[in-house]
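Down below are the structures I want you to see.
One chain, chain A, links the two complexes that follow: it is found with chain B in the first and with chain C in the second.
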Partner chain A sequence: MRRWLEGLRELRRYPSAIGGLALIVFLIAVSVYTVIAIPYSQALELWRGGEAWRMHPVNAGPVWVDRLLGGDKPDTTVVRSEDAETRSAAFDGGRQVRIPLSFDYPHDDFPSEINLFLETRDTEREAFVRLRWQTPDGDIIPLGGRRVAREDRISISQNQTLEGRLGMPPHVGLFARSTDAGQPVPDNGRYRLIIDAILFGEDASLEADLVVYGRVHGIAGTDHQRRDLMVALLWGTPVALAFGLLAAVGTTVTTLVIAATGVWFGGLVDATIQRLTEVNIILPVLPVLVMVGTLYSTNIWLMLGVVIALGIFSAGIKMYRAMLLPIRQAPYIEAARAYGAGNARIILRYMIPRILPVLIPTFVTLIPTYVFLEASLAVLGLGDPVLPTWGKVLNDAQTQSALYNGFYYWVIAPALLLMLTGLGFAMFGFALDRVFNPRLRTQ
Partner chain B sequence: MSTAPGVASPSRAGSLRDLRRIAAFTARRLVALFLTVMVGVYLTIVIANMGGEVDELRKLQIRSTVAEQVRADPAFADMPAEERNELIQRRVQQQIERRRLDEPFILRSIDYLQQAAVLDLGRAEEMHSDRGSREVYRIIVERLPATLLLFGTANLLVFFVSVFAALRLSRHYGSISDRAVIALAPSSAAPGWFYGIFLILIFAFIVPVLPAGGMVDVPPPDGAWAYAVSVLRHMVLPVAAMFISSIFISIYSWRTFFLIHSSEDYVEMARAKGLPAGMIERRYILRPTLSPIITSFALMLIGLWSGAIILEQVFNWPGLGTLLFQAIGHRDTPVIIGSVVIFAYLLALTVFLLDILYAILDPRVRVGIEGDNQ
Partner chain C sequence: MSTERAASAESTSPLVSVRDLRTWFELRQWGFLRVGSVRAVDGVSFDLGRGESVAFVGESGCGKSSLARTLLGLHRPTGGEVSFDGYRVQDLAGRDLQWYRASVGYVQQDPYGALPPFMDVRRILAEPLVVHGVTDRAERERRIRRALEEVRLGPGDAILDQFPHMLSGGQQQRVVIARALVLEPAMIIADEPVSMLDASVRVEILNLLRRIQSERSLTLAFITHDLSTVRHYADRIFVMYAGRIVEQAQVDELLEHPQHPYTQALLAAIADVDAANARRVRDVPAGEPPSLLHPPPGCRFHPRCPHAMAGTCDVRDPGMFEPRRDHLSACWLHER
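Right, the complex of A and B next:
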């Protein structure tokens, strides 16, 4: 115990140890926050995508990056009919409703998309809706009319006739200042979408949400399925830490116990373990994982199991064996045997604790290896099918050619988090190595 | 530990005896490694077919493909349903027999092992080589040179640069460059592909000076020189990625290693005799530590074979890794198993070559004392 405390005290002298530890603590704090703020089931639900994200823009960058670079890209504006001054007039068998949805648009770039979500209640037949667009100058652009189902989405930016009329995509054309030529420039001011609806039913009502999708979103931006990348970046942290830690613990502990068993019993047991190790060195870890992932399942816990199974007879056994061999002859082991300690007791209580301090640094530096292994599998498309992880974000980014399309944030954020994890554990591990490995201290 | 005299054995008989011992050692290692590879390959086969689940999947797949074919064929369109089902059943049976899925797994696994031993890896289900062959062996062999070129270059570069840099650093212990290397060593926690992403981002997109991926320009330039230059240009980024990811840790560990060895008594002795620094390095530090250097080089090579897969994927390098990635996409089981087998052989070959080097370099093997080298 004394030795540990002394070691820890000495650690304070290494700035890299402090830095590494700070990073690790930060990552653990993020993990704890994530697990509490977004429960596991909710995270899976969110990451499945779909309707939950319909109000989010596609492939929007982070807000702060844009603002730091001096940009003024629009964020998403949602205008709800609840807040609008709705006028309605009843007629025989139905109601006529006018909803003006107005909003300010102060940005100097165009929105990325415009959608109108409609929900009608208590109608006997499909309602009829006519839309008009009013620019800050007071110009009125008719957007046409159509029948709407109970829950409907009108994609204004997908309106082909409108695009033909405006000569450019609607989400540009509707906001463009009426200039003669050159690049279109957005007009700032108050815009209004006027919805005239005819509802069939005495108590019929209409709710409308106009979504003017921006080009930036939140801290982390969004991906091609409108999902907020923050969910994956946050949830990737506990997953990465858990995977790295469990894999590192699993492989080192089993390897150590097996090496100690081999050394203690010697003879046939030792020889068998040695041969198995040689076979295992020949087995290529990643291809075998790829094979398992392709043929069985890409469940992250199955992968973890395979990683540990392949790591049991790893090359580390040879190293531990070399360290344990002299310990076998040590007088205190002789003493333990004299008082009648069993084989298991000698191995677990006398031999292994002796070399543990030397192993702690190796163990810490092993963690990022496994974190990156998980990411590697995900980048290969063999990530866990449901869990959001950093590697899966990278994989999505790669399949969507994020770099080619200029969505740098999509690659940089998960890569940076991976790097921080790697650096944190590696820096801490290296400092530990210098403190606990007397071999290096003599120089 | 004795210092090795290293050079020149004067008598012819002595060198003959050495040769014989090395040959015997090599033969023993070859047999041992062959058995090891066979066990490894057999394990691979067992994993690949665990519980017969995969067989069931493949049978299902055969059934649906055959049914689809028969239904889509206008020749059978006006056949009565019963007859048609019989036809489907018969064809499925044929396919199953053709792929020998009806035999017990134990028999087939031994069969697979025999085939794998002679590198007969079967036929791919979906993929084919660029020349159009469906033999898994040909598909893989076609990709092998690309992988060897890329990883051979990067590994040799990392190895030589790190050993020589480490020798320099161990002489200037505590200098600024020494401390810089220590500080940078943790950067090796990230694998090559990770740095690759950043390199592509910077040098192919932000400052477009180098190609983002591939092995040669499309279309390939005419003439051997232009071709070589194009390949070299494509190699810069992947090699740089691998170099960055392993150079600092490599220098760091060698430096520590040399530091420990340069404080041995016999080195102090040589220094006390006033031998020049270069000679001390070559004869007293490098020579006796050569075999552990080789061992760790072997381990590094083995580790890098796996890293190859993703790096190649990221750089779109047409090697084994990309092949494996494509095979995952196609769910082409024979190719995946074949790749694992080839990787196992490559690893074994690496180990074997280094064993021979070891035997040549380590005087204890030559004089017949076989200590436990690990």
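Right, the complex of A and C next:
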């Protein structure tokens, strides 16, 4: 115990240990925060996509990148009817309602989309709405009218007739300064969408949410399904760490115990283990995983199981065997046999602890390789279908041609996190190596 | 359980009785073809009394360490038998075997190698107790401290938290001896216990072993190649050559009146502290110890023996003769 403490104290002398440890602590802190802030079930629910994200823009970049580069791209504006001054007048068998939804638009770029979400309650028949758009100059642009279902969405930016009338997509045309020719420029000021609705029913009511989608969103941006990438980047951290750690622990422990068992019993046991290892070494891991993922399931924990199973008789056995062979002959093991220590005790308490200090650094540097393996599988399309992970983000980015479309944030964020993980563990592992591996000690 | 056994055996019978013990190591090719055997121990018989201190003496490769390991149960004998307190050791299993292992302590040659480097002294001394089911922490601590006192290490606390590399060679060997003592054995086998220590601490360790042996009335079996120190620490000597005992007697008797030509040569080779020795060339037996894989026929010493009789020594194996009272020698010269 004291030896470990001394080792840890010595670690402080290595800047790489401090840096690596800081990165690891950061990743662990992020994991803990994530698991508490976004419970597992909620994360899966969110990542499934759909309605939860309807008010998020598609493929919006991170806000801070845009602001850092001096841009002023719009973020998403939501205007709710609850906050508007609604006027209503009753008539026989229904009500007439006027809802003005006003908002300020100070940005110098156009929004990416405009949607109006409507929800009617207690109506006897489908309600009818008529929309008008009022620009800061006071111009009124009629957007037409239509019947609305109980829950409905009016995609103003998809309105073909409007687009024809404006000569450009509605989310551009509705904001463009009317006088300007050539490149349209957005007009800043107060806009207003006026909804005139006719509701059929004594107690009928209408709720309307106008969403003017921005071009930037949050810290991480969004993907093609409007999902906030932050969910995946955050949840990818505990998943990656858990996968890496469990795979590293699983393979190291089993490999070590099996190597020690072979060395201790020797003879047929050792020969069998060696032959199994030699066969296993030439089995290519990735294709086997691809096969399992394609034919069976891409559940991440199943993949973890396969990774560990393939890792049991890995090349590590040869290395551990070479380290353990001289220890088997050590007089203290003979002494232990003489006072009656059993085989299991000798293997676990006398042989393995002897090489453990040398293995700790290897173990630490092994963790990111499994994190990368998981990401590689996900990029190959064999990621867990439901779990948000860094690899999944990269996979989505790849299938959506993120780099070609200029959505660099989509690729850079998960890749950077992967790199930080690798860097943190590698830096810490190399420092540990210098402390615990006597051959590398500098003084 | 051990008290039961001790009561059952008569105190006059020998503690250890070895009959025609053979420990051969098979040499195999490709893992299964037997190509011969190294006869490390080849037909050894002797009795060790309770509270007796004996020395096994011989040059390296004569099988004395293999004999020690066979006695400890670390090697399975190829033939013959070892009885301990009336029980055949080969037949022991389970709890009986654990009792035997607790009854025989082992002190090794290399004290640093004999201690696990990753355990502190407390843990090292606790291990045998844990293995033998002493689960009570306080009881373990008590026995550990008693053993440490017995080897004159301590008082306790400081040394208990040390790791082997922090101790001197002498201290390490004391810890090894303490480890052999914590289980309160009836016999201790010490395989060259001082050969790797500094000359200055050798005598201390030997005296310590001798004192513990007489205080506890232990049976102590020394394995050594050093005839010069044997006199003070052993009651009886067995001289081994090529896997066999060639001569046995009380210490003084053997040193004063060596009978076997090999013993005579060994004794002649001991250097006295005498300035004249620096310029004297001694007669040592010519040649090498014989191969244990293909031992010479007849007496194994005959190729190097100055008294070898052609037609006898190189043909027939000598039995044990008794040229003097209680003094046995395996040499055709002493045939009556």
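Methods note: the second predicted complex is superposed on the first by the 440 of 443 C-alpha atoms of A that agree within 3 Å, B and C clash if a C-alpha of one lies under 4 Å from a C-alpha of the other, contacts with A are read in each partner's own complex, and residues count from 1 in each chain.
In this text, contacts are C-beta pairs under 8 Å (C-beta built on N, C-alpha and C of every residue); 3 or more make two chains touch, one makes a residue touch a chain.
Only a predicted model underlies this, so the values are computations on that prediction, with no experimental measurement involved.
Participant: Overlaying on chain A: chain B and chain C, fit or clash?
Facilitator: fit
Participant: Is A:A271 in contact with chain B, with chain C, with both, or with neither (first, second, both, neither)?
Facilitator: second
Participant: Regarding the shared-chain residue A:A336, is it in contact with chain B (first), chain C (second), both, or neither?
Facilitator: second
Participant: Just to be sure I read the superposition right, which of the two partners does A:A242 touch: chain B = first, chain C = second, or both, or neither?
Facilitator: neither
Participant: Under the stated touch criterion, which partner chain does A:I18 make contact with: chain B (first), chain C (second), both, or neither?
Facilitator: A:I18 sits against neither chain B nor chain C.
Participant: For the overlaid complexes, name the partner, chain B or chain C, with more touching residues on chain A.
Facilitator: In the superposed model, B touches more residues of chain A.
Participant: Give one of first, second, both or neither to describe whether A:R321 is in contact with chain B, with chain C, with both, or with none.
Facilitator: The answer is first: A:R321 touches chain B but not chain C.
Participant: Which angle, as a multiple of 10 degrees, do chain B and chain C span at the CA centre of chain A?
Facilitator: Superposed on A, the angle at chain A reads 60 degrees.
Participant: In Å, how small is the closest CA gap from chain B to chain C once the two complexes are overlaid?
Facilitator: So the smallest C-alpha gap separating chain B from chain C comes to 12 Å.
Participant: Would you tell me which residues of chain A are touching chain C in their complex?
Facilitator: Interface residues on chain A, with respect to chain C: 2-3, 267, 271, 330-332, 334-342, 345, 349-350, 353-354, 356-357.
Participant: Considering the complex alone, what residue numbers of chain A touch chain B?
Facilitator: Listed in rising order, the residues are 16, 20, 275, 278-288, 290-296, 315, 318-319, 321-322, 365, 368-369, 372, 375-376, 379-382, 394, 398, 403-404, 406, 408, 411-412, 415, 418-419, 422-423, 425-427, 429-430, 439-440, 442-443.
Participant: In their complex, what parts of chain C are in touch with chain A?
Facilitator: 31, 69, 72-74, 97-98, 101-102, 104-106, 108-110, 113-118, 120, 127-128, 131-132, 161, 163, 176, 179, 183
Participant: If we count contacts the way the header does, which residues on chain B are in touch with chain A in the complex?
Facilitator: My answer: residues 32, 36-37, 39-40, 43-44, 47-48, 50, 53-54, 173, 182-183, 185-191, 193-194, 197-198, 200-201, 204-205, 212, 256, 259-260, 263, 299, 302, 305-307, 309-310, 313-314, 324-325, 327-329, 331, 333, 336-337, 339-340, 343-344, 347-348, 351, 374.
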